[in-house]
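Both complexes below contain chain A, partnered by chain B and then by chain C.
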Partner chain A sequence: MNLKEWIFTTDHKRVGVLYLIGSIAAFVVAGIMAVLMRIELTTLGPTITDSATTYNVWLYVHGAVMILGFQIPALTGFAANFGIPLMIGAKDVAFPRLNAFSVWLFFMGVIMALLTFVVPDPPDIMWTGYPPYSITTSGNTALYTFTVLLIGFASILAGINFLTTIIFMRAKGMTWNKLNIFTWTIAGSFVMQLIYVPVLGVAVLLISFDKYLGTYFFDPAKGGDVLTYQNLFWFYSHPAVYVIFLPFFGLLMDIFATFAKNPIFNYKTAVYGGVWGIVIISGEVWIHHLYVSGMPDWLRIGQMVTTLMISVPVGLLTISLVGTLYKGSITFQTPMLYALGTAFLFLIGGLTGIPLAVTALTVNLSETYYVVGHFHYVMAVSGTLAIFAGVYYWFPKITGRMFNERWGHIGFWFHFVGANIIFWTMMDVGVRTGLSRRYYDWAQWPEVANEQMIMTVGTGILAIGFVIMLFNWLLGAIIGAKAPDNPWGSASLEWTTTPCAPPHGNWATPPVLADDWSPYAYDKRKG
Partner chain B sequence: MNQGGYQMNHSAEAVHHEGHEAWSTSAWPVVISFGILALSFAFMLQFVYELQLAAIIALGISLPLIIGGIAGWTSEGMGEGEGESLSFACMGWFILAETMIFLAVFVAYWYGRLGAPMWPLPGSVPLPLLIPVIMTVTLVTSSLTIHKVQDYVKEGNSSGAVKWLLLTILLGGAFLGMTGYEWAHLIGEGFTIKTNLFGTVLYSITGLHGSHVLVGLCIFLAGLIPVMKGNMSVGFWRTAGLYWHFVDIIWFFVVSQVYFW
Partner chain C sequence: MLHKYSRLWVAGIAAMAAAGSAMAGKYIPTTDGAIIDPAAEWDGLWALVLEDITVMGVLFAIVLAYLILKYRRRPGAEGGGAVKLTTGAAIAWALIPAFIFLADDLFIAVRGWEVWNVQRTVPAERLEIKLESSMYNWEYTYPNGVTTDNELKVPAGKPVLLRMTSSDVVHTHYMPDFRIKEDSMPGRVTYLWFYPQKPGKHLVTCNEFCGDGHSRMSGSVVVLPPEEYAAWYEREGAKLKQAAAPASPIPSGEAAPAAPPAQDKSV
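For the complex of A and B:
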């Protein structure tokens, strides 16, 4: 293997693999932070640290790196890079050098995040960085700012690149209604990135301006307004949920179609109602994060309406997802197992979000572990298991080899059981006891001792699942059996027209598609 | 700014594999990325840790990497041709993102200003109104001259393009010079970024806009040498022109919201 060809690569598949390596590394670091926090919370009083600041630093790294360093790059970086050109029949993305630039800026952002462990004054401002604390803390807020700016800029460049690619570089005959649903979700996701990421960039830049250059954007004493930050921040960070949600759901739908040997149910409704409905409504819901920050009642009611309204396109996508299974000939290989698990976890996560949208309930649930449990279900574990499903799905395409099916199943069950133990317990204690999130100790809630222990055990189970999976991938990539060209029997372009581990340029001549071609043309095969 | 086309076999350094098409590579994105990382370090060393010497060293490492990287990238990619029409569309998406950046800063300004118990805030000074008018005229003129450059590039007239390009760069430079003059003047009157929210906003917004003018000038300079050599890409200059028009239009918002409100 030629190392130079990897470091300086501009090939979309290799850039995708670089994204995958970077984001899995970020996942490991952020995951260790979660384990440390869980161990600390296992017993009352100091367990492994007696410093609340140290706990806050773990909380910062866990949140910031999981979202910015793992989920978004794994989906809009790895999955988009590896999947999109192969799915639309392009030899590469529109701007290969710009693509390489994106992944390297992302690496620089990860380096910035990891510097937290090196600098004497690590950031302790969570991933939200709310002023005034982020401005008055002795922690290094600039590290947070630059982490967000570097990864954000990488996202913007990837966005302009991929939207151009999807619009102009589809193969001959690849009309809009023949795109894989994953391609649509990536397009929607990048449109959102282009609209919202710049606003996040400005928000985090302005806290560093306030802190280090002495400006007053968020200082009411000099004419600024502290709530400006919360508005700017959530204007991005709520849609960020959809930036993650859309591609992972698209990935799930493609995996469902492949393993159920069925076309996507209600394709056009899912695309034009589901995907683009979410993109359109995504910008009108962020104020629900400020319900308890103070706002007029009419705004609370309005936000409740828009927040509940976004369940409609999400529902359309869910109907399509489940409908794709109907009368399918389903096989339960590892990618499908992960995808089914994700669909179940997402159902719990989505339904438990409805009480949080309703203002009368949310003022009581806000800042409890119920919120933590909810968003980990809907975003953290759903998104993560979907990413793992995607890696397993494309594993033969990436490496040219097969992983071990049995260990894949075992790893999945550890993941699935562990995740449910942790996050169901979180929601349970949140509702029953009002256990407050973010605290590094729980002296006020002595009744949750058992649950704390249960959640830590769940974390251990989840971690074992991840280690099993990681070894499965590494061993599969090195000593796995050689993969057939279409191991899952998919009808999608990337499986039917390229060999496993496609060469540079993907096709000698780009494919031309027949009029009746479809990425989901399974009826004919079933015969 | 200008990237390679979508024709894949044009790597700077094609490394051949046995029996395979060569994997394309380019070192410049990596070089620029490290330059940007070093630039972030320079900011942190200066403002967070107040280690001025280390900050200057970081800046000294960063700028050659970024400038060299851009120059290398431009000379590698210029004239590849295939991506020309795509780069124009791509700039459209980029401008969407840029618009959101400016909108976010304006929102922070509006939020503060409309919520303020009084305006102007204590400590504000009356702003000079003649300079922004002259700056507007300068920038609008440069938007016309860049159009002239595009025409000459399309005709393949290298010397004409160079002449108008130099004029454009001169106008852009004059614009930045006037920004600097005005800043110095206001700081001399004791109105700084630390005076109140209006000072904060004035310097942040004009600085943000000025940084975009600077980037535009860098694009023009990076493209100047290839044009002098007769390597003229219609797509590159259409795209650069689009960006420049955007910078021009944003300036109207800056002037109307900051100076004449």
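For the complex of A and C:
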């Protein structure tokens, strides 16, 4: 294994692994920021830093790197790259060199984000970068702009690549209704990326124009408008939630099917109602991020209705997920444990979003710890656990070896318990006291001292869970037992037709599928 | 039931019309009837929605837990036993849940819309105060020109309307006890109203990230008994006039030097 081979690789599996390494590294950095912030908030007044700006920089890095450097690349980078060609029976993606270019653009973006730690005036503008603050601050807004542009460009290229791959490179006999549900969710995600990423690119470019080139797109004194940015930003960044949600839910469903040995419950409804329903509604709900921003009253009500309607496709997907267990033959290896934990936590995350869809409730809840708790349940807990479930699921495919099952379970329980302690407490204090987010200190709320301590303890527990998992992966990759070709007994193409780990090109000749083939054909294997 | 919903439709169309005219100008809808406290409305709506999502969450969690326990792998079993849904069952499993979710959404939306109308319709009988926010200060201007910083004094029993703007970045005037907030930003005037009923002191805090002083940008709403408020308002108003009075003769140079003392007496 030499370094040059990895740097110049065009093999989709290796590109996927590069995405995985980059995104886990990003998770570690952004996670350390979270730990620092939690320690800072443990006591009233300065704890480990007496500079609010330092705290704000941690907060910026945490948000921007977790979303742009970890969640989106781990799902649409790692999981899509590693899984899709193997699942659809393609020897590689449609444009392998473009794919290699995407991953290196992504690395450049992450490096750009990490420059925050070395430049004299690091960005302190939150991951949202709202003007006028992002324009008037002494912080370096350009780093934010270029981070977003680089990673966004990588996403657009990957979108073209994967949609082409899925449309034109499926194995003979793999009709649309025989795709893994994960493949559908990746297709949905990339359709959204292609539509919305350019809008975000414009938004972040214009704040740097305003700041460095003396334009005034967002300066009302010269005819600009502050809210234009917020509209452009959320026009992408709400769909971005579904860009993350869809693939993580697709992963969960495929893992459920494999470990319950069942087909996806009501597959066509999940695909055409659930996945594509979300893609269609995704672009009409962004105003719920501007419920208290002086938007016209009728628009705030109109998008309350569209936002609530998201519960229909999400509800259909959830029924398909839960229904997949019905009459199953469930085993509880580590990937399934992570997937089941995610399903419970997503119930909490999804349902606590319903009050936030209601404009009349959001006028009290927005920008409090309730919101922070809610979206961490969706993104930081469900999304992250699902990504980790996916890594465990494909671990034998990636490395050709097995991880330690017992430590896998132990790591999961630390992570699960820690996450609940932090984020349940967050929602609770938010709604009871109105504790505001993005606060370096909390002198206005002396009554939340115990909760602050509890959340910091929870963070420690979660961190232990992550470290256990990371060591389990590293040790498994080096000294783990050789993996059998299909350790989970899955019926999906990547497990039944390729060895662990598959060679470059995956198959000497791509598989041809029989009429009755399905990635979920378990009933015939019974007995 | 039908009657109730037809009223809602009418209210809906009226609200759309009001919203349309709100876009056209600075129109703020008003009501002359009994004053409904938006904070109490918020509490009622929160309780309702919380009940709704708790029921749904518990139902799903029970089903999920039951399936996990019931369908653990039995010794000897290999594949799962799910059979393909018939076309009819598949359609039923799509449409029936979809309609249940949609019905629940509309139920919440209708209640949410009613409360929203209370939150955005300001009683005609009200105290109007201008707010200009800046890093990191709230400046309130009363109808008689009196200004205060970071302390909003209001009389108990009278709705208060804040017309807000900002001189630098985006801030949010958040009053947790009154369950209301709205952004203030440069170049726009936004509004919110609340209904203080009992004397007391309540927190005001900035809710939109605005710089390194964000976490200490806070103040208070001080609700005074009406007489006490009136006395303070008159006193501060008088002080303001007094302070302004000596300055007035200077620009109007033609005025007789004897005039200022006479003006002072009249105050």
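Some observations on this one:
Keep this in mind: the second predicted complex is superposed on the first by the 526 of 527 C-alpha atoms of A that agree within 3 Å, B and C clash if a C-alpha of one lies under 4 Å from a C-alpha of the other, contacts with A are read in each partner's own complex, and residues count from 1 in each chain.
Simple rule for what comes next: a contact is a pair of C-beta atoms (placed from the backbone, for glycine too) under 8 Å apart; a residue touches a chain by one contact, two chains touch by 3 or more.
Bear in mind that the values here come from a model prediction, so they are computed numbers and not experimental data.
In this superposed model built on chain A, chain B and chain C occupy separate space and fit side by side. Seen from the Cα centre of chain A, chain B and chain C lie 100° apart once the structures are superposed, a value rounded to the nearest 10. With both structures placed on the common chain, the touch criterion links A:M309 to chain C but leaves chain B unconnected.
Once the two complexes are overlaid on the shared chain, A:I48 sits clear of chain B and of chain C alike. After overlaying the two complexes on the shared chain, residue contacts for A:I7 are found with chain B alone; chain C is out of touch.
Judged by the touch definition given at the top, the superposed model places A:F209 against chain B, while chain C stays out of reach. Contact with chain C, but none with chain B, is seen for A:I348 once the two complexes are overlaid on the shared chain. After overlaying the two complexes on the shared chain, residue contacts for A:Y196 are found with chain B alone; chain C is out of touch. When the shared chain is aligned, chain B and chain C each come close enough to touch A:D225.
By the document's definition of touching, neither partner reaches A:I280: not chain B, not chain C. Ranking chain B and chain C by residues of chain A touched puts C first.
Of the two partner chains placed around the shared chain by superposition, neither chain B nor chain C is touched by A:V512. For the three-chain overlay built from the shared chain A, the minimum Cα spacing from chain B to chain C equals 11 Å.
Residues 224-225, 227 of chain A lie in contact with chain B in one complex and with chain C in the other. Chain C makes touch with chain A in their complex at residues 15-16, 18-20, 22-23, 41-42, 45-46, 49-50, 52-53, 56-57, 60-61, 63-64, 67-68, 71-74, 77-85, 90, 93-94, 97-98, 101-102, 104-106, 108-109, 112-113, 115-116, 119-120, 168-170, 172, 174, 176, 179-183, 185-188, 190, 192, 203, 205-216, 218. Residues 2, 4-5, 7-11, 14, 90-98, 100-101, 104-105, 107-108, 111-112, 140, 142-143, 146, 149-150, 156, 159-161, 163-164, 167-169, 194-199, 201-203, 206, 209, 212-217, 219, 222-225, 227-228, 231-232, 235, 503-505 of chain A are the ones touching chain B in the complex. Remark: chain A residues 51-53, 56, 124, 126, 128, 130-133, 136-137, 220-221, 224-227, 260-263, 265-266, 268-269, 273, 292-294, 296-301, 304-305, 308-309, 311-312, 315-316, 318-319, 322-332, 340, 343-344, 347-348, 351-352, 354-355, 357-361, 363-364, 366-368, 431, 433-434, 436, 438-444, 489, 522-527 touch chain C in the complex. By the touch criterion stated above, chain B contacts chain A in their complex at residues 3-4, 6, 8-9, 11, 13, 15, 17, 20-30, 32-34, 36-37, 40, 43-44, 47-48, 73, 76-77, 83, 85-87, 89-91, 93-94, 96-98, 100-101, 103-105, 107-108, 111-113, 115-116, 121, 193-194, 196-198, 200, 204.
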